[in-house]
Structures are given as C-alpha cells and as structure tokens.
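Structures incoming, each one as structure tokens.
Common to both upcoming complexes is chain A, partnered first by chain B, then by chain C.
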Partner chain A sequence: MTSNIGLISLIISSILSLFILILFFKHVLFGGPLHSKFFALYNASFFLIAVSFVLLVISFVVSDFSIVAVYENSHTDKPFFYKFAGTWGNHEGSMLLFILIISLYGYLFLIFTKQLNFSLRFTTIFFQTSLQFVFLLFLILTSNPFEKIFPIPNQGLGLNPILQDPLLVLHPPFLYLGYVGFSLVFSLLLGGLVTNQYNQNWAGLAKRWIFLPWTFLTFGIGLGSFWAYYELGWGGYWFWDPVENASLMPWIASTALIHSVLVMDKTKKLFNWTAILTILTFVLSLFGTFLVRSGILNSVHAFANDPERGLYILFIISLITLSALVIYILKSAKQTGDENGFILFSREFSIVVNNYLLIFALTVVTIGTTYPILLSVFTEESISVGPQYYNTILAPFVFIFLILMGIGPYMKWNKNSFAINRNKLTSFVLSSLIVTALVSLILKNQNFIFILGVACSLFLIISVVYEFAYFKHIKLKQFNFARLFSHAGFGFLILAITLHYFFSKEFTTKIQLGETSSYQEFAIKFSNYFSKQGKNYQELIGEYEIQKNGEKVILKPSIRKYSHPQQFTSETSIRGEWLSDMYIAMDYTSDASSGIGIRFYYNYSIRLIWLSYILITIGGLLSFVQRKNEK
Partner chain B sequence: MSPATKKRLSFFLISTIMFLIVGKFIYNSLQGNTVYFFSPTDLSNLSEKPNGLIRVGGLVKINSIQEKQKNASYTFVITDLKYDTYVEYEGLLPNLFQEGKGAVIEGVLKDKKFLLGQKILAKHDENYMPPEVAEALKKSGNWNKNYDQ
Partner chain C sequence: MKNLLFLLIIFFLYQQDSFALPSQDREVKIYKNIRCLACQGQTLNDSNSDFANDLKKVIKRKLDNNETDQQIYSYLTARYGDWILFNPPVKQSTLLLWFFPVFILVIGLLILYKRTVFGKSKLS
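Right, the complex of A and B next:
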C-alpha cells in the first residue's frame, strides 16, 4: 500500500514538473503573464517527492519486504537506527535522496529570494525543475525504489555490515546536500544568462548559494574521512581512492568558484571564468555520482549493480553539460565585465593565481581518477594509480598555495600593495622559519620536505593569527571570520598531514595470549580475550596492554561476525594521546588461544586533521554571519 | 607587430611552455606510479617478467591458504581456474579474504608463477566481485553465472 502511494507521488511529481516546464515555454514563446500558480506548483512537486521519501523511510523502518529495495538491503534483526539509515544505503534510496535534495534547494531558493527580480527567479526555478524532471524520469524508469516483489519474502537479505555504523546516518546526506546543492547555483547561472542578468549583482546573490553547499560538502568529506579511519581499519584518513577523489573534484572546483565569484562581486572581473567554474562544479558533482553509481569502481560505495544505469547517467550528464555550454556560448558575449588588466600584487591577482593552482590540482586528481577507467575502456589493460602519484605532484604546489593564501588577504583590491606590506610579510617569513627550526630540533627531523611543509603552513597560520591579533581598532563584527577560520583550518590541515606523514608508525604482528611483542618504543601485550553476543552479530574482543615510555594504555579491539549477510568487520580500538592516536585493528581467528594477528598504528597528530576539517567547516558556516562593513 | 599583438603572443608562448612542462611532469609521475593488473593466465603468457609493483587477481583457491610459523605470514594460491599464481604474503588477511572468493593482490613478481604480496585488496561486500577478477575469469573461460551475486 505505502509502496503504491510512494510511486504515485513520484509520478505525479514528475507530471507536475513537466507541467511547470510547459508553462514556462508557453510564457516565453507566446507571451502573456506567467501562470499565477507557477511557484505553488513547484512547491507541490517538492512536497510530493518529500512524501515519497518519507514513505520509503517508513517502509525500511517497518521492514516491508514486499519492496525489492527493502528486501535486498534490510533485515528484521537490524537495530532501528540502521533500518532508518539503510534507506540511503542502496542505489534506489540514495537516488531518491539525490532528487529530494535538488528539489529542496529549489524550495529554499523560493523562500529566501522573495525580493528578487521576478524573471530571474522563475527562470532559475525553470532550470531547477528541468534537472529534477530528468532525474525523476531516470529514477522511475530505471531504479524505481518502490518496485515490488511477489511472493513477499519473510526475511530480507540484510545491509552490508561495513555500512552499519552511526555515521551512515550523517555522511551520505551531508555529502549530497553538498554536491547536489551546486545544482541551484548552476540553475541560477543559466537563469542569469538567459535573462541577461549575469552581472555584479548576480555574484552577490550567488555567493550564498555557493557557500551553503560548499560547507555541507566540506563537512561530508570530513565525516567520510573519519569513518574510513575508524571503521574500515585501514589506519589512515585519505587513500586517493577513486570514490574519495570523486568527492574531492567538485570540492576543489567549488573552492575555486567561491574565490572567483568574490572577485566578480568586488571588481567586475572574471565573468567568463566564474561561469565556467559554476558549470564545471556541478558537472563534476554529477560525474562523481556517475563514477560511484555505475559500478565501474571497486569500492565500498559501489552497490554491485547494473552497468546500464551508468550509461543512462552518462547520457544525462552529457545532455546537461551540452545544454549549459550552448546557453553559455550564446549568451555570455553580451554581458562580459572588464576582463583585462590585472594589477600585479593586488587582491584579485593573488586569487587568480590561486585559482590556477586549484585548477592544476583538479587536473591532477581528474587524470589520476579517470586515466585507469579510460585505459580499461579503450584497451585491454587494467591499471591503478598509486597514492605516490598524487603526493609527489601536489606537494610542491600546495606549498606555493599556502604562501599565496597567507599573502593574498593583505593585498588591496585593484591596487599593487606589495610595498606597503613588505615589512609585515618579512616578519611572517622570519617568525615561521624560527618556529620551524624549533619544531625540527625538538622532533629531530631535518627532512627538506618536512621543513618546507611545516614552514609554509606556519606562514599561513601566523598571517591569520596576526590579522586577528593586530587589528585592535577594528570592531569584532568587521572581521571576515569565514576566511580567517577556513584559511587557518587549511593551514592546520597541511601542518597535520605533514606531521602525520613523517611521524606515524605502523606494524603488523601475531601475538600469543600472554606474550608481548615490541616495536621501537612500543611494547604490546595480548592480555585477555572474551566473546559477546550483539543484536545481529557475534563479537570476539581482545585486550591489549600497550607500554610506551613507561605509560600503560589498554586497547580492546574486536572482530564482529554478522549473520545477515554473513561477513566480518573489524572494530578498531583507539586511544588518544593529546593530538595523536594509538590504534589497533584485530584479525579474525577461529581459535583465539593460539594467538591473534593485529595491526598497530601510531597516528601522529591525526586529531589535528579532524580539528582542521571542523575549522574549515566553521569557516563556511560563518560566511552566513553578516559582517558590519558589508553591504 | 603592434605592442598588443606582441603581448598576446608572448603570453601565448609562455602559457604553452608552462603547459608542456606541467603536462610532462604529470605524465612522468603517472608512468612511475602506474600499477598494472594481470590475471594468472596473463602472467603465464608473458615473455618477460614485469618489474615493480603489479596486481594479480582471481579466486583464492580452496584449501590453499597456509599459515607459516613466522609472524602473521601466509601462502596461498590465486587462480583463474586455468592457471595458478602462488602468493607469499606477510601481514594480516583482510576479513573479506576467503577461500573460493575473489581477491586482488598487489606485490612484486619473483618469477612468472610466484608473487611476493604486499597488500590485499578486499574491501567490498561479500557478494561483490572485483571487476578485474570477473574479467580474468571471463578471459580464462571459467565465468559462472553464480559469481554474479
């Protein structure tokens, strides 16, 4: 019953979307006033999608196995929490969430832009509806989340245990709120171009709609990184896995976009560049969805499915990209700003240089991610690209990037301001070098890359702290907290990554019960083990005593054997020591008394990485606090 | 040439040179860090032993996993049901690494039949077959519909 209502509301919603598109064309082609219920129809289509999503959630919660998606991905044994979050732990449910968020952004846009020029407003909604319509068709025709199964099975197949984690509730929705959210600024761009309102005011308006999804995306990626760290037991925070890269690509593009839209807002420059970045950001978000959903990748995110859907998504992406480019080419020439004449060492100059660096990083990540796929499509060869590829190419550019991030904000718009800042910048360089020398002596590491990484990130951090501490005469409200927080966060991130890279330790061993295994300053004793029965799994828990420089810590990693589906997961045990972590993941064994294999990691300054993610996210949130000197 | 043309021309030349340098840089780094995949049949057909890191994938042969006395060290056989590759691996076996299931091993080849494994890739769910392994089984003519879930 619920499944019928769910499907019917999706169908009605797509009919309404089609009707909205027709109303728009009628207005544009034949003149006459726009239908008075245009926006009301859009809101109705949003509510219908929301209703069908809620119904799917209910079906998962009550384990309605007459629905294929529920049957294949749920089980009555599962705790309530995972029945609920399991809604988006599969292809159909996550696509429905995807569409719900496209629609939600349109809905929010209508709420917050009541004062906006009428034609820009309805044209933007027209483009947002087109996106919604295309994806609704895709959902209903190829991946109906309410598809039924008969006879109704008594029991479901269960959810992949790796996904049975509290973060399943947060990570996918935030990631989607991020990259699907860029659909709105994409529609806004097309709306602006079509109605000839792509100008400085557009930049002022678009800023908010870039910051919002960017903040969600940053947070979503951070959550994913944290999840991989403690749940998958791989001991690290980033693996340059194609799926991780899929989320990083739109992040880099949107970060470049945030900065270029600021230049557009302040100096009437970079009109074309901003337009291209807007299209690129959304297309990369869709491309990420394609990579993950098409099943061509080997990853926890690929829900082993039908590659045909991948082809459909590829077709939709091409369609959207081509239409956007055609509109851009036809319309952009009429409304370019003052493109020429960048002044050396002005604020916009440093932003443009950083934009080039971001595009370079984006190119590197895109090539590394797509090259193996293209190669396997066109030749018989199957390859993968190792993490060293990314590390060696990106590291030197990150250092330059950090320095520019430190210098840029001290420059003035439209003015060469190197001379007036020379003393300040020299003092930043000196103080960062002194602190770096101290760090290098204390930690006894004189590696060149290490020193460079620490010095450049400290330069950025010092420049941010100085700005905050020195300008006493500026009122608190006038600070650009958004920039200060996110830039400081990025500085700390690179600092933490450098420290983690050079000081982390990892080793694997097998220890007999009661025995001790030593590695450098660590001594690990396997002191005890016991087993436990969970709701839908059996658990074997080990107890390890770790001695480091006379201090003793007890870690209790475990291994879970899930029954539906039958699979093992490692539950890591992590104990913090200031900013660093001691971390043990345990191996499965049928006979624990003969010893268990473990992986031990000492993750230096890993908590600083989480802290940096939080700082950058806070920076994004603070962009919504109105500053006093802002119009 | 007018000054404006000169300026544009020099801008064009500089960006072309920059582009080429950066392109070469990316290309070299990509070449140096590419890991090729082979099935056991591919390996047996090779005339020359590949150097550096490679990946070998197939099914873990039933009853082939053996634990050595040494600290967490194992040997096992990867098969595409036509040819076998022997693997020696030091480290822990991932939870999803099981006999009869698909796995991909990254390591260095000692000779055409013997791989020193460094990393085991098995991080998907229990029904999922790595695409490379499915391809290897299809190539060796031993693909079975049951493997598809």
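Right, the complex of A and C next:
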C-alpha cells in the first residue's frame, strides 16, 4: 500500500514538473502572463517527492519486504538506527534522496528570494525543474525504489555491515546536500544568462547559494574521512581512492568558484570564468555521482553494479553539460564585465593566482582518477594511481598555496599593495621561521620538507591570528570570520598532515596469546580475548596492553561476524593521547592458535586533522553571519 | 631584509643533511607502493592476508639478495602487470597522466602573465 502511494507521488510529481516546463515555454514563446500558480506547482512537486521519500523511510523502518529495495538491503534483526539509514544505503534510495535535495534547494530558493526580480526567479525555477524532471524520469524508469516483489519474502537480505555505522546515517545526506546543492547556483547561472541578468548583482546573490552547499560538502567529506579512519581499519584518513576523489573534485571547483564570484562581485571582472566554474562545479558533482553509481569503481559506495544505469547517467550528464554550454555561448557575449587585466599584487590578482593553483590541483585529481579507467577502456591495460602520484605532484604547490593564502587577504582591491604590506609580511616570515626552528628543535626533526610544511602553514596561521589580534580599530562585526576560520583551518590541516606524515608509526605483526611484540618505543602484549553477542553479530574481542615510555594503555579491537548478510568486519580500537591516537585493528583469522595478526598505528596529531575540518566547516557556516560593512 | 637572509642561512646550515625523505624502512616503503591483489584497495603494508604475507616474504628475500627497488618492481609487474604498483611508472601509455598537469600549469602561467598589469597601479 505505502509502496503504491510512494510511486504514485513520484509519478504525479514528474507530471507536475513537466507541466511547469510547459507553462514556462508557453509564457516565453506565446507571451501572456506566467501562470499564477507556477511557484505553487513547484512547491507541490517538492512536497510529493518529500512524501515519497518519507514513505520509503517508513518502509525501511517497518521492514516492508514487499519492496525489492527493502528486501535486498534490510533485515528485521538490524538496529532501528540502521534500518533508518538503510534507506540511502542502496542505489534506488540514494537516487531518491538525490532528487529530494535538488527539489529542496529550489524550494529554499523560493522561500529566501521573495524580493528577487520576477523573471530571474521563475527562470531559475524552470531550470531547477528541468533537472528534477530528468532525474525523476531516470528514477522511475530505471531504478524505481518502490518496485515490488511477489511472493513477499519473510526476511530481508540485510545491509552490508561496513555501512552499519552511526556516521553512515549522516555522511551521505551531508555529501548530497553539498554536491547536489550546486544544482541551484547552476540553475541560477542559466537563469541569469537567459534573462540578461548575469551581472554584479548576480554575483552578490549567488554567493550564498555557493557557500551553503560548500559548507555541507566540506562537512560531508570530513565525516567520510573520519569514518574511513575508524571503520576501515587501515589507519589513515585519506586514501586517494577514486570515490573520495569524486567528492574532492567538486569541492576544489567550488572553492575556486567561491573566490572568483567574490572578484566578480567587487570588481566586475571574471564574468566568463565564474560562469565556466559554476558549470564545471555542478558537472563534476554529477560526474562524481556517475563514477560512484555506475559500478565502474569497485568500492563500498558502488552498490549498483549495473552498467546500463551508468550509461543513462552518462547520457544525462552529457545532455545537461551540452545544454548549459550552448546557453553560455549564446548568451554570455552580451554580458561581460570589465576586461582590463589584473594589477599585480592586488586582491583580485591574488585570487586569480588562487584559482590558477586550484585548477591545477583539480586537473591532477581528475586525471589521476579517470586515467586508469580510460586507459583500461581504450587499451585494456590496467594501472593504479595511488597516493604517491598525488603527493609528489601536489605537495610543492600546497606550500606555495599556503603562502598566497596568507598574503592575499592583506592586498587591496584594484591596487598594487605589496609595498604597504612589506614590513608586515616580513614579520610574518620571521616569526613563522622562528617558531618553525623551535618546533624542529623540540621534535628533533630537521628534514627539509618537514620544515617547509611547518613554516608555510605557520605563516598562514600567523597571518590570520595577526589580522584578528591587531586590528583593534575594527569592530567585531566587521571581521570576515568566514575567511579567518576557513583559512586558519586550512593552515592547521596542512600543519597536522605534515606532523602526521613525519611522526606517525605503524607496524603489522602476528602475536599469540600472552606474547609481547615490540617496535621502537612500543611494546604490545596480547593479554586476553573473549567473545560477545551483539544484536545482529557475534564478536571476538581481543585485549592488548600497550606500553609506551612506561605508560600502559589497554586497547580492545574486535572482529565481528554479522549474520545477515554473513560477513566479517574488523572493528578498530582507538585511544587518544592529546592530539595523537594509538590505534589497533585485528585481522580475521580462521585459526587463532597460530596467533592473530594485528595492525598497530601511532597516529601523530591526527586529532588536529579532525579539528581543522571542523574549523573549515565553521568558516562556511559563518559566511551566513551578516557582516556590518557588507551589502 | 638582511635579518631575514641571516636567519635563512643559519637555518640551512643547521640542517645540512636533511633533504632526504624520512628514513622510513626501505622495506615498508616498497610494501606501501604495492597493491594487495587479494584485498580491496589495500596496500601490501596494511594487509595480513595470505597473499600479502607470501608476497612480503618474496620481496624480503629479494631485498636480502641486494636487488634494487627497480629490479623488484619489474619482477612484480612482469608477473602481475602495472596494476600492482600504486605509483604508476612513466612510460608511453602514462605520458599524459604525468605531463598533462604540467601542460595545464604552463598554459595557466601564460594566461596569467598575459592578463596581469605589471608596474605601479595604473588606476591611482
């Protein structure tokens, strides 16, 4: 019953969407006023999608196994929390969430832009509806989340245990609120171009609609990184896995966009570039969905190993990209800003350099992610592109980037302002070098790359702290807290990554019960093990005593055997020590008598990495606090 | 400015022998560059699977025989293909992978140079 209502709401919603598109064309082609219920129809289509989503959630929660998606991905034994999150732990449910978020952004846009020019408002909604319509068709025709199964099974197949984790409840929705959210600024761009309102005011308006999804995306990526750290048991926080890269690509593009739209807002420059970046950001978001959903990649995220769906998505992406480019090419020529060049060492110059470096980073991530796929398609040769590739190419530019992030904000718009800041910048350099020397002495590491990493990130952090501490004549409300927090966050992130890279320790070994294994200053004793029964799994817990410089810590990693589906997972045990972690994961073993393999990691300053993710996210949130001197 | 130079010189004198990357075990460094073919995306170093343990033994033996990294890698790629290495080798089919970013870097720099107004601010 619920499944019927769910599907019917989706169908009515897509009919409404089609109707909205027709109303728009009627108005544009034949004149006459726009239908008075145009926006009301849009809101109705949003509510119908929301209803259908809620019904799917309910079906998962009550384990309605008459629905294929529920049968294949749920089980009555599963804790409530994961029944709920199971809604988006499969292809159909996650695509419905995807559409819900497209629609939600249009709905929010209508709520918050009541004062906006009418034609820009309804044209934007027209484009948002087109996106919603295309994806609704895709959902209903190829991936109906309410598809039924008969006879009704008594029990479901269960959810992949690695996805049964509290963070899974949050990670996908935030990631989607992020990259699907870029659909709105994409529609706003096309709306602006079509109605000839792509100008300085557009930039002021678009800013918010870039910051909002950017903040969600930042937080979502942070959650994913944290989840991978404690759930996968490989000790690291970022693996340059294609699926991670799929979310990083739109993040880099949108970060570039945030900066270029500022230049457009303040100096009437970069009109064309901002338009291209807007299209690129959304297309990369879709491309990420394609990579993850098509089954091309083998990972925990790729639940739909159905090449046909992949082809559909690829077709939709091409269609959307082409239409956007055609509109851009036809309409942008009339709406260009100030074509003058950029004055050396002006604020806008530093932002252009920032965009240049970000595009370079984006190129590296994109080519590293897609090259192995393309190569295997065209030559049947398979290669891997791992962390070393990215680290080798990107590391030197990260250092330059940090310095520029420290200098840029001190530059003035439209003015070469190097001379007036020379003393200030010199003092930043000196103070960061002094602190770096101290750090290097205390930690007894004189490696050149280490010193470079610490010095450059400290330079950025010091420049942020200085701005905050010494501008006493500025009122608190005038501070650009968004920039201060996110830039400081990035400085701390690179500092933490550098420290982590140089001081972390790891070793793998096999120990028998009662034995002790030593590595440098660590001695690990396998002291005990016992088993436990969880709600839908059995657990074998190991007890390890770790001695480090006379201090003793007990860690209890475990192996879980889930019953539905039958699968093993390794649960890590982590104990923090100020900013660092001691971390143990056990290996699955069929024969415990020959000892159990463990992986021990001492993750130096890893908590500073989480902290910097939070700082950057807070920066995004603070962009919504109105500044006093802001328009 | 003089202070800065002075400080820099002191800095470099004091850390002469430190341009190399951290003195990680050569063994671990090799393990980290090798994909555990029996696992999902794990490196040999992070895995205790039978495949990983066997391959580690093979590599260890080769290290004891004083083979170079290059010899070990070519032995592995001859048997398992380039897929097993996380750091892709530079060769004909990977030229674009390594040099396309460089191309973007240069093109970007040219555009940047062309669009920049040098000298004192012309507006003031």
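Throughout what follows, the second predicted complex is superposed on the first by the 625 of 631 C-alpha atoms of A that agree within 3 Å, B and C clash if a C-alpha of one lies under 4 Å from a C-alpha of the other, contacts with A are read in each partner's own complex, and residues count from 1 in each chain.
Heads up, the rule we're going with is that a residue touches a chain if its C-beta (ideal position, glycine included) is under 8 Å from a C-beta of that chain, and two chains touch if they have at least 3 such contacts.
Here the structure is a predicted model, which is why all the values come from computation and not from measurement.
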Overlay on chain A: chain C relative to chain B, clash or fit: clash
First, second, both or neither for A:Ser384, with chain B first and chain C second: both
Contacts of A:Phe349 with chain B and chain C, given as first, second, both or neither: second
Greater chain A contact set [chain C / chain B]: C
Which of chain B and chain C A:Phe568 touches, first, second, both or neither: first
Chain B versus chain C as contact partner of A:Ile162, first or second or both or neither: first
First (chain B), second (chain C), both or neither touched by A:Ser323: neither
Contacts of A:Ile559 with chain B and chain C, given as first, second, both or neither: first
Chain B versus chain C as contact partner of A:Gln200, first or second or both or neither: neither
Partner chain in contact with A:Leu433 - chain B first, chain C second, else both or neither: second
Residues of chain A at both interfaces, chain B in one complex, chain C in the other: 234, 298-299, 360, 363-364, 367-368, 371, 381-386, 388-389, 392-393, 508, 510, 587, 597, 599
Chain C residues touching chain A - in the complex, by the definition given at the top: 1, 3-4, 7-8, 11, 14-15, 17-22, 33, 35, 40-43, 45-46, 48-49, 81-88, 93-94, 96-97, 100-101, 104-105, 108-109, 112, 114-124
Residue numbers on chain A that touch chain B, as the complex places them: 160, 162, 232, 234, 295-296, 298-300, 302, 304, 360, 363-364, 367-368, 371, 381-386, 388-389, 392-393, 508-510, 559, 565-570, 587-588, 597-599
Of all residues in chain B, those that touch chain A in their complex: 22, 25-26, 29-30, 32-37, 53, 55, 71-72, 90-93, 95-96, 104, 121, 123-132, 135, 149
Touch list for chain A against partner chain C, complex: 234-235, 239, 241, 298-299, 340-344, 346, 349, 352-353, 356, 359-360, 363-364, 367-368, 371, 375, 379, 381-389, 392-393, 414-416, 426, 429-430, 433-434, 437, 440, 446-451, 501-502, 506, 508, 510, 587, 597, 599
